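I've put the structures underneath this note.
Each of the next two complexes has chain A plus one more chain, namely chain B in the first and chain C in the second.
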Partner chain A sequence: MKPVSILRHGFVGLVAVWSVFPFVWMAVAATNSSADVIKGRTLPGGYLIENIQAFMTAVDLPRVLWNSAIISGVGTVLTLTVSALAGYGFEMFRSRFRERVFAGLMLMLSIPFAALMIPLFVMMAKAKLINSYSAVILPMVASVFVIFYFRQATKAFPRELRDAAKIDGLSEWQIFAFVYVPVMRSTFAAATIIVFMANWNNYLWPLVVLQTNDKFTLTLAVASVGIGYTPDYGLIMVGAIAATLPTLLIFFLLQRRFVEGMLGAVK
Partner chain B sequence: MGVRSKIWTKSLGMMAVSSTLALSAGAGWAADLTVWCWDPNFNGSTMEKAFAIYQASHPEDTLTIEYFDKTALEQKMQTQLAAGVTDGLPDIVLVGDEMAQKFLLAFPGAFEPLTDELDYAAMAPNKVAVATVDGETYSMPFDSGVTGYFYRSDILGEAGYTAADLEDITWDRLIEIGQDVLQKTGKQLLPIDTNDAGPLLMMMQSAGGWYFDAEGNPTIKDNAALRATLETYARLVNSGIVKPVNGWPEYTGSFTSGETLSTYIGVWITGTIKANADQAGKWAVAPIPRLDGVPGAVNASNLGGSSWYVFADAPNKDDAIDFLKTVWGADIDFYQQILVENGAVGSLMTARDGEAYQAVDDFFGGQPVWQNFSTWLSEIPPINFGIYTQEANAALVGQLPALLAGGDVDEIIDAIDAQVQAQIQ
Partner chain C sequence: MSYLTLSKVSKSFGGHEVIKGVDLRVEQGEFTVFVGPSGCGKSTLLRMIAGLETITGGDVCIDGARVNDVDPSARGIAMVFQSYALYPHMTVAQNMGFALKYAGHSKAEIATRVGMAAQILGLDSLLARLPGQLSGGQRQRVAIGRTIVRDPKVFLFDEPLSNLDAELRVQMRIELARLHKRLGATVIYVTHDQVEAMTLADKIVVLRDGKIEQIGSPLDLYDRPVNMFVAGFLGSPKMNFLPAIVERGGLRLVDFPEVVLPLGVAQDLGARVSVGLRPELFGPSGEIELALTVDLTEYLGDETYVYVRLGGDQILTISTGNDRSVRAGDIFRPRFDPAAAHVFDADGLRLGTRPIASRLP
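This part shows the complex of A and B:
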């Protein structure tokens, strides 16, 4: 190997170790007692079963997994539906107000969520939705970022396909469902990962709007166990793994499409 | 009168009847009390035990506890109170003492005053002070953050220091001891996280000082306690006996692994220290050192601690107050139970006459540690946290690098003051 190549491999290897280390440490820490984690032990230990048992006692795992799955699953489907329709509409239909409305939407990206939290809470309280799945899902459905993402991706969608479909007598809804969606599947895959992960990891809003532990998502549950005055780091790491695995799974399942989607959907 | 208004009148009448019934039923009415707190092994566990006692005389009542991370709970409560929505709030909530004034002043009317319900003369004065606004006290004081100087008596003993040598000393004396111990054992005395205001706050409060006066006005300039704290802290950290650490795990890891030999902090650390059963008999607790040359400085201080509050709009307000009053406000045996089982040092001063408080602890070499802690608890100078303690802490921590690099204390005080004043505007 040439010296330059060795250097390059060395550098890439270093970066890889750098980014993978936290995950390795999370896995190793899950097998150690809290006292060992505090002392900085980096070798696997024999406490995995105990930590898992402690975690399962502290958290109703099936329950919170179910909560997370419902919120993230339904949230993702609704968000993709609304945002893909919006992205399609913004790109396909010409109107005098199109760019102005879109610019207005873009402006909303600059409003921090913290500023929206109190009015949203009041709205949810008025709708009697506090402590319900809907209260977590609804505010996330119309995601400006995902609309923007779909509109950008739609720019690459061949208009000829739409024209041809129209000549064949398809309605606009049919074109969307039977032509646009299959062609844009990579975009949908990438958006699924982005939206699902955002919903799965969402912390602040579910925390504010969910009032009882039995409605908690996995992320919230992990954040509220093993804490307190004597944190149990072994237990916390088991929780961190439990919270990471499902997103990893989704990512690997959709990985190829995700990369395609990021590079541009239509070939 | 139309059918509609007839139904309306009828239902109004029924409502009146049922609410009269509810009132006359009083304490016999079954209540499901809800509580928000943050530690299932500590405050949640003690709450369950208190309720078990209460349930003996109120078998109809039930208790539901929801757990949140402490900071998360504060954020959640802040958002909900700011939104002015009381739906879904619990009957009782646990609030950290350092946050109490902030909530009480920012959301007047949100919490129920308990001044007429509880005998506050029997509670630790510093705990009552943090929950009092305009003469009304709002809390059922719970765990104390009374501080102690926890040290490895075995290793300090080998270096020639006994418990008597650490009793009622100043910080400068501790530095001398630490340097001698370092020379003899090669080990540093204290782990300190220099991004944490805690170690300075304990010093400042031990002299009855704080960033604010009783009215909440900043007293950062011309503050003898703060000045002495900054000077002492700089001397301490730069004396060579302090190991700088980063974050909570490294801090606790340092003294539980034997890398450093002691720490000064709130009594709630006891659980973390005693979790290392192999170190039984090797630890002892002394009162924390005091600031030299500041009038009113004592060998007692406070860090942390929390209290129970009842929401003014709580669905079971009367039951919640009755419960807190009967068990938390009066049951001395209950306080012995949670001391032994949870290591919780309560704030009801009469509880210290009970059996558990008198007992010695073999982990701490047979010292009557709980008796000592409750003595120090009664000596803590009361202070007013005000609304802006968090902001002042941030300003203080921001100046610590300059302080430890040998910066001028006057300039540092000016900088802290300027930042706090700007935040308050």
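This part shows the complex of A and C:
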């Protein structure tokens, strides 16, 4: 191998270790006792079954998994529907105000969520939605970032396809559903991963708006076992694995399309 | 088969007028070609007929019925796009039957009609494939098949051959001509390629800046262009334009002061005109002779083009037919018959000419 090639492989290897190590450590720590984890033990231990049992007693896993799945699943479907429609509309329809409205939307990206939290909470309280799934899902549905992403991706959508579909007798809604969505499936796949992960990992807003244990999401549940004077790290890591697996699963299922979507491929 | 009329059709984007009052009649079964340079509005006009662009003023009528406010799918038109616009997620058969499905036809009927169109176009064996698995020529055929299946009143083609390579383009051109003969359909075809226009059209419509410059049969336009724009646009290589001054004895060429063409035109003495000479007009015989120093020659095998640099950037192109004897740097003396020259006035409009019998020295 040439020296440059060795250097390049070395660098790539280093970055790979860097990014994979936390996952390895999470898996290893789940098999060790909390004391061993604190000591920095990096070899697998024999505490896995115990940790799982402890986690299952501390957390109603089926319940929180169900909560997370409903919130993330419904949230993702709604977000993609609304944002894709908005992105399609922004790109396909000409209007004098189009760019101004869009610029206004973009400006919203600069408002941190923390600043919106209290007004949103008040709003949810007035709508009597506190401690409901809707309270977690609704504020995330019209995501400015995802609208932006869809608009950018729609620029690569061949306009002649829309023209052809119009001549073939499709309404605008039908064009969206039967031509745009299938053609843009890579974009939808990438957006699904991004949105699903954001919803699944969401912590702050559910923490504020969900108040009883039976509504808690997995993220909240894992966090709740970590509080106290002596957190049990082995147990926490079991929870972390439980929280990570579904997103990994979705990613690997959609990986090929995700890469295409990020590269902006319309085939 | 249907006929189509445009009366005073116009289109503005914002305050900018891109189609400026077009009047046109396309007869039943006629193959009409819109030609013009890019940006002349030919595609916009086609899209207005299709219903893909709104019409700012005037009327578009198909079979005498005004269709300005009719949906594209209800106008009885079908269109082939430059990019073919095939649905990438559907098979060839699904692509071809898509419109019929939304028009509420039965599965059996769709299958019959798709089968018939596929047979006409030789697509039988490709019906189960996706567009991504087809070559450019095959995709083009599917796009045409999609229009045939609908049995439209008017076929619209928007530069359908411009994405194909040269060889395939010629082949598809012949196929299109054959297909038109077979179906006897009314066709409007947009292209910027004057060879396509000349070979396919029953009627050519030359457009410039959103206005019709001339309408006529291909040879009509070739032989009797109304202005310099049309004269320069049709014919390849394009017509040469030589500046000349009107004198009592004829037209004195500015670049060849010793040459006077014995042609009379209805212009004042001393007026400047342009003499249009097609490259293929030159030959070994003819009343007028030009003495030229050859700048460059191109040998195409069956034909040779000789290029001569005149004053300024102007280049005179001469086709010598199959005479390959001319070399760069040679003194070349081609001749031509002045009666075959076109003369245009200072505004570029074609002037009538009459021969002048005796030449003054």
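By our rule, the second predicted complex is superposed on the first by the 265 of 267 C-alpha atoms of A that agree within 3 Å, B and C clash if a C-alpha of one lies under 4 Å from a C-alpha of the other, contacts with A are read in each partner's own complex, and residues count from 1 in each chain.
Just so we're on the same page, a contact is a pair of C-beta atoms (placed from the backbone, for glycine too) under 8 Å apart; a residue touches a chain by one contact, two chains touch by 3 or more.
This one's a predicted model, so the numbers in the text were calculated from it and none came from an experiment.
**Q** Following the overlay on chain A, give me a clash-or-fit verdict for chain B and chain C.
**A** Because the two structures are overlaid on the shared chain, the partners are seen to fit without clashing.
**Q** Just chain B (first), just chain C (second), both, or neither: which does A:Leu254 touch?
**A** A:Leu254 contacts neither chain B nor chain C.
**Q** First (chain B), second (chain C), both or neither: which does A:Val195 touch?
**A** Neither: A:Val195 stays clear of chain B and chain C.
**Q** Let me test your reading of the model: by the given contact rule, A:Val208 touches which partner, first (chain B), second (chain C), both or neither?
**A** A:Val208 contacts chain B only, not chain C.
**Q** For A:Pro182, select first, second, both or neither according to whether it touches chain B, chain C, the two together, or no partner.
**A** So A:Pro182 only meets chain C here.
**Q** After lining up the shared chain so the two structures overlap, which partner does A:Phe121 touch, if you call chain B first and chain C second: first, second, both or neither?
**A** first
**Q** One more residue to check, A:Ala58. First (chain B), second (chain C), both or neither?
**A** In the superposed model, A:Ala58 contacts chain B only, not chain C.
**Q** Who wins on chain A residues touched, chain B or chain C?
**A** B
**Q** May I ask you to decide whether A:Ala135 touches chain B, chain C, both, or neither, giving the answer as first, second, both or neither?
**A** Neither partner.
**Q** Just to confirm the value: shortest Cα separation between chain B and chain C in the superposed three-chain model, in whole Å.
**A** 48
**Q** Please identify the positions on chain A that touch both chain B and chain C, taking each partner from its own complex.
**A** None.
**Q** Report the residues of chain A in contact with chain C in the complex, numbered from low to high.
**A** 158, 160-161, 163-170, 174, 179, 182-183, 185, 267
**Q** In the complex of these two chains, what residues of chain B are touching chain A?
**A** 38-43, 64, 66-70, 72, 75-76, 79-80, 82-85, 87-88, 248-250, 252-253, 256-257, 268-269, 271-272, 275-276
**Q** Which stretch or stretches of chain A touch chain B in the complex?
**A** 34-35, 37-40, 58, 117-119, 121-122, 125, 128, 130-131, 204, 207-208, 211-213, 223-225, 227-231, 233
**Q** In the complex of these two chains, what residues of chain C are touching chain A?
**A** Touching chain A: residues 47, 50-52, 71-74, 77-79, 81-83, 85-89, 98-99, 102-103, 132, 146 of chain C.
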